[in-house]
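Should a chain be cited, it is by its letter among A, B, C, D, E and F, assigned in written order, with residues numbered from 1 in that chain.
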Amino acid sequence: MPEATYLDANELVINMGPQHPATHGVLRVKLRLDGERVLGTECIIGYLHRGVEKIAENRTYVQFAPYVDRMDYVAAVTNGMGYCEAVEKLMGVELPPRAQYTRMILAELQRIASHLLWLGTHALDIGAMTPVFYTFREREEILKIFENYCGARLTTHAFRIGGLQYDLYDGFEKDATKFCDYLLPKIDEYEELLSTNRIWMNRTKKVGVLSGKDAIALGVTGPVLRGSGVKWDIRKVQPYEAYDKVEFEIPTGQNGDTYDRYIVRIQEMRQSVRIIRQSVERLAPGPIFGKVGKVIKPPAAEVYHSIEAPKGELGYFVVSDGSTHPYRVRVRPPSFVNLEALDIMSRGHLVADIVAIIGTLDIVLGEVDR
Amino acid sequence: MVAEVTFFILSALALGSAVMVITRRNPVHSALWLIVTLFSVGGVFLILRAPFLFAVQIILYVGGIMVLIIFVIMLVSVDVSGRQQQFSRQWLVGLTTVLILAAELGYALYRGSKGFLLARSAPAAALENNTQAIGTALYQNYMLPVEIASILLLVAMVGAVLMAKRKME
Amino acid sequence: MADEPKAPPSGGPSEPPAKSPEAPEGAAPPAKPAGKPPAPAGKPPAPAPKPAVKPEPWSSPLLDELQKRFPEAISDPLIFRKQPSIVVAKESLLGVCEFLKSDRGGSYTLLTDETAVDYPKREKRFDVIYHLYSFQRNDRLRLKVLVGEGEKVPSVVGVWLTADWLEREVFDMFGVQYEGHPNLKRILLPDDWTGHPLRKDYDILRQDDAWVQANLNIKSGQ
Amino acid sequence: MLQNVLQFLNDHYLILATIKILIVFAVLLGIVAYLVLMERKVLAFMQARLGPMRVGPWGLLQPIADGLKLLLKEDIVPAGADKFIFLLAPVISIIAAFTVFAVIPFGPPDKGFVISDINIGLLFILAVSSLGIYGIILGGWSSNSHYPLLGALRSSAQLVSYEVAAGLAVIGVLLCANSLSMVEIVKNQQAAGIWNVFRQPVAFIIYLIAAVAETNRNPFDLPEAESELTAGFHTEYSGFRFALYFMAEYTAMVLVSAIAVTLFWGGWLRPFASVHWLNFLDYTPVVVFLGAGVVVILGSIKNPVPGEKLFLFAVAGLCFFLAVVVAIPPVNAWIQGVFWFVAKVMVFLYAFIWYRGTFPRYRYDQLMNVGWRVMIPVGLANIIVTAVVIYWWSKPHAAAAATLLFR
Amino acid sequence: MGLKELLRRIFLLDLVQGLRLTFSYQRPSATYTEQYPRERPPVAERYRGAPRLNNNPETGETLCIACNLCSLACPENLIVVGWERTEDRRKKLTTFTYDVSRCMFCGLCEDACPVDALELTQDFEIANYTREGMIWDRDLLEAGPQPVRYSR
Amino acid sequence: MMPIPPTWCVYLGTGLFTIGVIGVLTRRNVIIILMSIELILNAVNINLVAFSRYFGEVDGQIFAIFVITDAAAEAAVGLGLLIALFRNKETVNADEIDLLKW
């Protein structure tokens, strides 16, 4: 681009990433700029492509389970839960309540952890460097619970097809409740730091606006969709596990801008706390495995199952040919589809807003690229 | 003595960098040399007991106008014009004119330099610490010109903004 | 790479799943390979070894409406685990999609996912699969389009914007060509990649070996 | 003997000035180095962390290690860069930052705590600090890279606009003090018995915001916004030249703090300098050094590593020694001005770090809006109000105006 | 915008409350950092770390019965079990390699082991200078992880 | 201390002025032409200040201040023109600004 200028006589093409502090991984965004105004973006992804779907075809159902943790590596528990449930659905296995509630508690903890991580990095992108340390501190408490429960902090491999690998450790209930009590005031602190701060409001309001209609057309799901005012949460509309037995609300935004998505995620953390509290109360001793055989061998059929992952609808489409190996596992990653909206959301904004928009989409490149 | 030597050094610096200004290919280099010139002229102001003007020279010229110019140079692409021909088509005519002008000026100065030896040269301390004097003069004797200048600045500012603005969508 | 189990180990006693929460070691079913080597790739749904729920024929008002509007186009309506799926003829795919998206057709406004499955032994080897969701009906619907090698599928980007990247991914991974896609190029893999990895006949080692042979001058890196 | 030396220095003011410059330069270097450590530590505590802990006890030797590292790193000049300007730019930055200290009074001038008290001091400050921008803009341009160029363009626009705001804020002080000399401004506050911050609160806030913006600190750190422009104008710099930029930034922080203290917080004056029953405050330096010594002693007792223990003991000893020295009345009197000046500057520096630990970053256009639509109009209004008030308070003018209005 | 909100904005209260929060966090008790090599973090009982091949504590013989289940369970195929038949037709373990560099610590091998021979221990310091050093043989596995204790 | 003879300043001013005029008349790049104009204005300022010094009055300096003000206005307008020009014609060459030539 030797003739590049900063006037509209010519466009400037800037390459953001794959090594860039604000692209949350190895995302490469080509920005067409007019001055600092963005005319268009093009995402170049695939730097982290590992062929997860191909790996699945060469593993047994059980063996593939650890791999799904590595897609959305900041929300491994929900990933694993979605996969296990998809296979269970294929086999028609019903889980005992203890396993269901355990899964729900861990998944909601994971949702909080994912949102915390999102909040920290998003704030860091917008220039507030402190929240990231606070949120990581809170996330650490969740990871400690995970470590105590299943022995791993990040890529947990917490669940097995048909139930749980581990029963809860002694004191889990206490830990979970204690964490809930600990978290709520901390969320208030984040809000104190950011929600009413004029700089934060300037930076996020009216940035990356997505109307409800556009959001559906673009296929975005999760908090991004809810931020645009569409009250849709798979936990409510197509409940899995025991989500139909607990009470919680679906927070939504009105304007569909970055600020609304921020508020939605903050509120979701509070709702998750509610779910955790109710689930802990309902934990009763009992079996932790459904009726599955030692060998996982689902019938020859295909099934699509999706759950509400922290980032949106995480779907697994599993095709079985009746053997121990899946014939095909398709992952419908929320980040991938949400990232597609970046181009439309970022048109006409400034470079600084691109950073905010990428942040607000809450993508994880491990999941985008798989 | 010190003043004379300083004056000579500053003059040489001013003239030399002025020549660099008009001969450099890259406008950024030109601008940098112009800054050197401006600094030297500012130094001359100091020798001439005009510290306020020195400050104004630095603040306005170096800190304001030149930053603006460099800003614009970076805004418009210089790579293209840097590779093209540097001097205009009429450069020969222009140069000749200027040389004639310079010769005339030189001759006039040479002949008239006696006239500059003024009858009443002010005492050295007459202009010491003149900031207050300048302020008083500006806002009392020259009130109207100041207002006119401020209107000029306002017009220039509005004009510049309008011209540099993009077309309304 | 491919971990084909070499020899069948002595089959362990198949006991009901352990339920003791105190013994995590024995709680999970050990990942044992099947009693026989896995079904050769490409043989579509092999006979299930144990009796299981099978997909059943599906019937619903929507299906009737569809069949009325697009006779010929709709076939194989099946339902499994409450998930209906239909096979749509390639030619009328766009029409069906437009209809399904409209209010009369159930307003399936959200294209959740688009993907493909490769059955190399079949005459038309690819199933291109669309998962639709209707906010109004709170219902999902699976469309399948059977595509042969080298055939082109009409792109649904005009119907659902989401399909843009998803179709690019299917193209990248399976080599399914789309007609009318604005920007059909590889998305996850580099542009100069050869082959389409999610096809069943794709040799996983090929790319690796090619690189090794070109750069290190040895036959195989594995 | 001492008399002779002093006499000699008085006669040869150039030599005296050189010595002062060297002292100020050395002290500033030290302050800047430890300011970096202070920033890291304070930020860390605000963020529930510890900060550097590995080099020396509590990371006390970290600045030295950092400096060594930066000096020894490779000095990379990118291909296609304008080499001369690339090498020159950081030097301009740091020279501009250091030069201004020439007119800052660190203490009472009769005790020699100012390098040069020139009568256009304030103008000199504005003039030289406006040069610092060249370091940034040329560095960004000469790197021949997109991100630095964007950073440079941003910073030039930002600095030019906020310089106007800072200038307007300063004019309020000028109107009060009737002088451009920094020393006179402080003396005026002494005479008035009140700091300018109370006479000109609006001007102070405008100056504070403009100062943060001019030093490219959060929330106005757009030229080097790491999440957008990687590192802004110094993306391509490495090693020693990067260190120069780094030092320039922190020196500029010290500088604007020093200016703010001089203009608004009474410079070297003790708080309530005119209230005599508060004279015991003169012994605050002693208390401060003693307190520091006690803290260090406590830390050294807890420290398990013998070498570090020893080091901390030495530091504590130094603190106690200084406390004793400062307690000597003549020394105490001599040190007063500087102590209060440094203490006030530290408060400002802490505030800078504090902002960085708290606020998100403005966007470019919002920054410009704040500058042009809020700060400059408010600054202008402040000047007008100040001028009117001063006019009415000076009796003869009031009388004249009254006759003008009501004749 | 109500009057209250307007006053809040003029007096910068929204910024001040943030400043108050960060200021209050400076108390030493709020510090969360662990100084890792000096302080060792507590590791959960179920932690899946470096692998170990257990011996019978009484006889000192290996517990492994060379059933190869771990190798089959491993998604990454990184366990290689070598055995030979003894005279009484029983399998006897000869070699056992475990490639830690490829391991993702999913714990499937541990689950598969019928005799508690293979175990993922609580040790997490498995870094090594070479790739070859990450391939652990039977001796290393039986000795268990021997992490370097850093000290000054 | 003897003041510097005004002749010296006048010579310096003349030199700067001539160089500035050469720049204006011969260079193609509009930006450099603008900068040459600044040179000319500076030459004028030197004279003004020099004579102010010798008459012991501040009026010359006042005029110099007005000249600098003027220079600022000129730079703003000139650069505004330049940007408008560049946006339309993608050039900074004076030779190519010939729309009004006939």
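Assume a contact is a pair of C-beta atoms (placed from the backbone, for glycine too) under 8 Å apart; a residue touches a chain by one contact, two chains touch by 3 or more.
Since the structure is predicted, the reported quantities are computational estimates derived from the model, not experimental observations.
K.L.:
With respect to inter-chain C-beta contacts, which pair, A-C or D-E, contains the greater number?
P.N.:
More contacting C-beta pairs are found at A-C.
K.L.:
Using each chain's Cα centroid, which is most distant from the centroid of chain D?
P.N.:
C
K.L.:
Using the mean of all protein Cα atoms as the middle point, what chain has its own Cα mean nearest that point?
P.N.:
Chain closest to the assembly's C-alpha mean: A.
K.L.:
On a C-alpha centroid basis, what's the spacing between chain E and chain F, in Å?
P.N.:
Distance between chain centres, rounded to whole Å: 73 Å.
K.L.:
Can you give the whole-Å distance between the Cα centres of chain A and chain B?
P.N.:
Roughly 61 Å, centre to centre.
K.L.:
Could you list which residues of chain B touch at least two other chains?
P.N.:
52, 56, 64, 68, 74-76, 80, 166
K.L.:
Would you give the residues of chain D that are in contact with at least 2 other chains, written as numbers and ranges?
P.N.:
46-49, 153, 357-359
K.L.:
Mark out which residues of chain C touch at least two other chains, giving numbers and ranges.
P.N.:
Within chain C, the residues that touch at least two other chains are 3, 24, 27-28, 30-33.
K.L.:
Using the touch definition up top, name the residues of chain F that touch chain B in the complex.
P.N.:
So the residues of chain F in touch with chain B come to 1, 3-12, 14-29, 31-32, 34-36, 38-39, 42, 45-46, 49-50, 52-59, 61-62, 64-66, 68-77, 79-84, 86-87, 91-95.
K.L.:
Touching residues of chain A toward chain C in the complex: what are they?
P.N.:
Those in contact with chain C are residues 45-46, 49, 51, 53-54, 57-60, 62-63, 89-92, 160-168, 216-219, 230, 232, 237-238, 287-304, 306, 313, 315, 317, 319, 321-325, 327-328, 330, 332, 336-337, 340, 369-370.
K.L.:
Using the touch definition from the top, list the residues of chain E that touch chain A in their complex.
P.N.:
My answer: residues 8-9, 14-15, 17-18, 21-22, 32, 43-48, 73-75, 104-108, 111, 120.
K.L.:
In their complex, what parts of chain D are in touch with chain E?
P.N.:
The contact residues of chain D facing chain E are 42, 45-50, 53, 305, 354-355, 357-359.
K.L.:
Considering only the defined contacts, which chain A positions touch chain E in the complex?
P.N.:
On the chain A side, the touching residues are 59, 62-67, 70, 130, 137, 140, 144, 147-152, 155, 157, 165-166, 169, 189, 192-194, 196-199.
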